[in-house]
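There are structures below to look over.
Here chain A shows up in two complexes: once beside chain B, once beside chain C.
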Partner chain A sequence: MTLDYSLFFFLLFGCLAIIFALGTIIAKKLMHAVLALFLFLISIALLFLLLNNEYLFVIQLTLYCGGISVLFLFATVLTTNQHETADKTNSYWSGFIAFVFVLALSLVVYSIDWASDWANYSLEKYGDPSLFREFSEQLFRNYPYTVAFLGLLLLATLIGSSKLALKEEAEAA
Partner chain B sequence: MSERFPYEDLIDDLFESLGPIGDFWKGLGNSGQFFLMSALLMVGVAGLFIMIQQLIVPWVERKVMGRMQSRRGPSYVGYAGTLQLLADTLKLAVKQDIVPEDADKFGFTFAIAGITISASLACAPLPFTGRIVMSDMSIGLLYIFAAFALFPPLMFVAGWASNSKYSLIGGFRSCAQLLAYELPLMVAAVSAVLLAGSANLTDIVEAQGGELGFLWLRGWYIWPLMIGFWLFLISGIAETERIPFDIPEAEAELVMGVRTEFAGWRYALIFFVEYMHLFINLLLVVLLFMGGWLPFFTFMPATLDDFVVSGISNIFLMAFIGAGFFGGSVLAVYLLFGFFRKRIYNMKFFLIATISGFVLFGGLGMIIDDWTIPGELLTEIAQLTRIFVKTYILVFLAVWARAALPRVRIDQFLSIGWSKFLPLAIFNLLIAIIVAGAY
Partner chain C sequence: MTTIDLPIILFTSTALFGIGLYGVLTQKSAIRILISVEILLNSANINFVAFSTYSEGYDGWTMALFVMAIAAAEAAIGIAIFLNVFRRFGSVNVPSLVGLREEV
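Coming up: the complex of A and B.
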């Protein structure tokens, strides 16, 4: 296999993304974790650019790197116990659970039929206006329950976090 | 075989003498070589152009503000203080690099590097004439906004990493201000994109070339989108945190805001980025609403046809181009300052520039005997001059606002951004939709 420049950059940005993603979890200071997250989002944007999808690249930079990371930064600075380190006792269990999740995710990625039509859309059919229509048709006709389930999951997370915040507020009062 | 680019034999010889680099050059093939050469040329020309502006804009600002405050402004280094900024930059570059002891070392450097890199990246899709553009990408405008969208988190990190209360509050304010004025800026820009039907900046300028149908005016988007123009201009100046809107560095409250702890080259970079941000935003106003490099009236041609000149006529033509170019630029600058002194200031320098341009370019015309390019060259020079003049009129406006207006309060400013500018920008978008539907 020859190392052409797109493969080189893919490996570079992919490695950077993994390093920054690990940095987000491992970093001792909370603020450094957010910085690593910011850099991780940028490397994901660069991977989008490598797939010739400039539009997604720009959206990723504007919304995620520019918007979401500001949200994280504000929340981080406003937390009172920034320098507290996490409880170490659960680290083996959490490591095991993380390993299981990584294994499951790898299996899912492996099981995808990358030679099928829709997997190659972004590479070959870019610029075709029918791309997004077909993609959304795939999403909402063939996998409507997945989308609905993800929506429910997000809603549950939202309600749960607000519940937790209210509980903390009540305890503080 | 047709010529790939000028002086190809010379460049081939040059690369062959370089050993392994020569092999790389040969391996690229004809199209690869052409691509590399044109990319290098564009980045060289356009990048140098932008860098030089970062020395001119602060000088213009200091001179104009000096005149408005009844003083002379910089006047010692170079003619009328033109080299003052170069001297300042040199001074800042060799100063001691001080990092506060309790500062977060990684964040302190990372923020400055990130701000500088993102501002430099934003220059890539900016066209200066129909042909001088570093990267003519289809989503150029969105790309510039994406590059500037990295500013709020980086400014915040810069404020946090300095480990100083002034910097931190400055970072909070800077972040809030950038976010509040990014949205009206984007929505106002989208209205121009809607009329042009493209997010490519060259396309947007070319789309403004038609007739307005009133007084031989060109269909610049400033006419239908007057609200958008003012919104974009004010939000663009607000984004750079300059004096009427410099809440993040309000010196009576916050010393210098985010910039408090930065010294030496770090300060020079943050200063440089501030002016780059201003220049890019004003250039975007020109490109989106003021027709870019297109002339004001439709009877003025936007491009000139090629023609062959040879022998004696070539010398005169070149001499006139040179005299016009040198003298015109000097006259423009001096008219600007003469305006404040009630008479044109030092005509001697204008005469010297005109005559030296005449002689210099006349000499060039003597060496080059037979030339077909002048038509294209004239077009490029004319387009560059037009875009220059328009941008510097806006720079003048920004400086005027800085010298004349008091600072607004943070709560007033943010409420203007969210509750007045954003609805106005959406109203402007509505006008754009109606206009686009009518044509």
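Coming up: the complex of A and C.
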């Protein structure tokens, strides 16, 4: 059964996601950072698949790996100059703050008694094809206005970013 | 039933959140800061999906979907703004954008 390997694959793709996320920070060239981001997003998509959500897996692949990666690629091409470096500011204190934050969150996760608090919850429906249909129904039944608002928001984003680009062209001309 | 324990998922997303936070705090290039913000949002998404999967509800999945849409909008607007910044200042290094602080 494939389910027996789910933990192994989760650990594999989780570690890969962490490595690629570190790669976006460590990479000297911005192009390499964008490539690492692309691989990171694919790892996250596979984690979604392992967490029993094919819907978000597909959305993650199309929207993030397909759309946002290319957007960052264009931004890299359009904004890179010779003086581009991977300089960092206040590395020491920022690293300390991030470390303390991760430590605190990890302590919170560790301190919760998962065995008793979450004993009633299990993945009984794991791999059930009807999950997808139920999710879609719940999405449009419980959150119809939010979905409509998101559509409006994305439309406003489209118009706004076009206007930002066109305004500068008009000034240049 | 799967053998993935919830704490393993949460520790993974915590580590990713820490990496994203470090990136946001330390990077100078605005594009790199946006990349780190994407890492932050994705680590939050893992938590949403994990809790939703374990609690047999659909709210977490829905929230993850909304977060994705918001992240796409944020990336598009952010990159449009920083492209304009690059045209005006010739650089997207955030520490060099001091026009509001000092008299140019």
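Throughout what follows, the second predicted complex is superposed on the first by the 89 of 173 C-alpha atoms of A that agree within 3 Å, B and C clash if a C-alpha of one lies under 4 Å from a C-alpha of the other, contacts with A are read in each partner's own complex, and residues count from 1 in each chain.
Convention: a contact is a pair of C-beta atoms (placed from the backbone, for glycine too) under 8 Å apart; a residue touches a chain by one contact, two chains touch by 3 or more.
Computed from a predicted model, the values in this text were never measured in an experiment.
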Touched partner set for A:V58, first chain B, second chain C, both or neither: first
Which superposed partner A:H32 touches (first chain B, second chain C, both, neither): first
First, second, both or neither for A:V77, with chain B first and chain C second: first
First (chain B), second (chain C), both or neither touched by A:V102: second
Superposed model, chain A: greater residue contact from chain B or chain C: C
Touching partner for A:G67 - first (chain B), second (chain C), both, neither: both
First, second, both or neither for A:G160, with chain B first and chain C second: second
Shared chain A surface residues [contacts with chain B and with chain C]: 55, 59, 67, 74
Residue ranges of chain C in contact with chain A within the complex: 1-12, 14-23, 25-29, 31-32, 34-36, 38-39, 42, 45-46, 49-50, 53-56, 58-59, 61-62, 64-66, 68-73, 75-77, 79-84, 86-87, 90-93, 95
Chain A-touching residues of chain B, taken from the complex the two chains share: 104, 106-107, 110, 137-139, 142-143, 145-147, 149-153, 156-157, 160, 168, 172, 175, 179, 182
Chain C-facing residues of chain A, complex: 3-4, 6-7, 10-11, 14, 17-18, 21-22, 24-25, 30, 33-34, 37, 40-41, 44, 47-48, 50-53, 55-56, 59-60, 63-64, 67-68, 71-72, 74-76, 78-79, 81, 83-91, 94-95, 97-99, 101-102, 105-106, 109-110, 114, 118, 121-126, 134-135, 138-139, 142-143, 146, 150, 153-154, 157-158, 160-161, 164-165, 168
Residues of chain A touching chain B in the complex: 29, 31-32, 35, 38, 42, 54-55, 57-59, 61-62, 65-67, 69-70, 73-74, 77
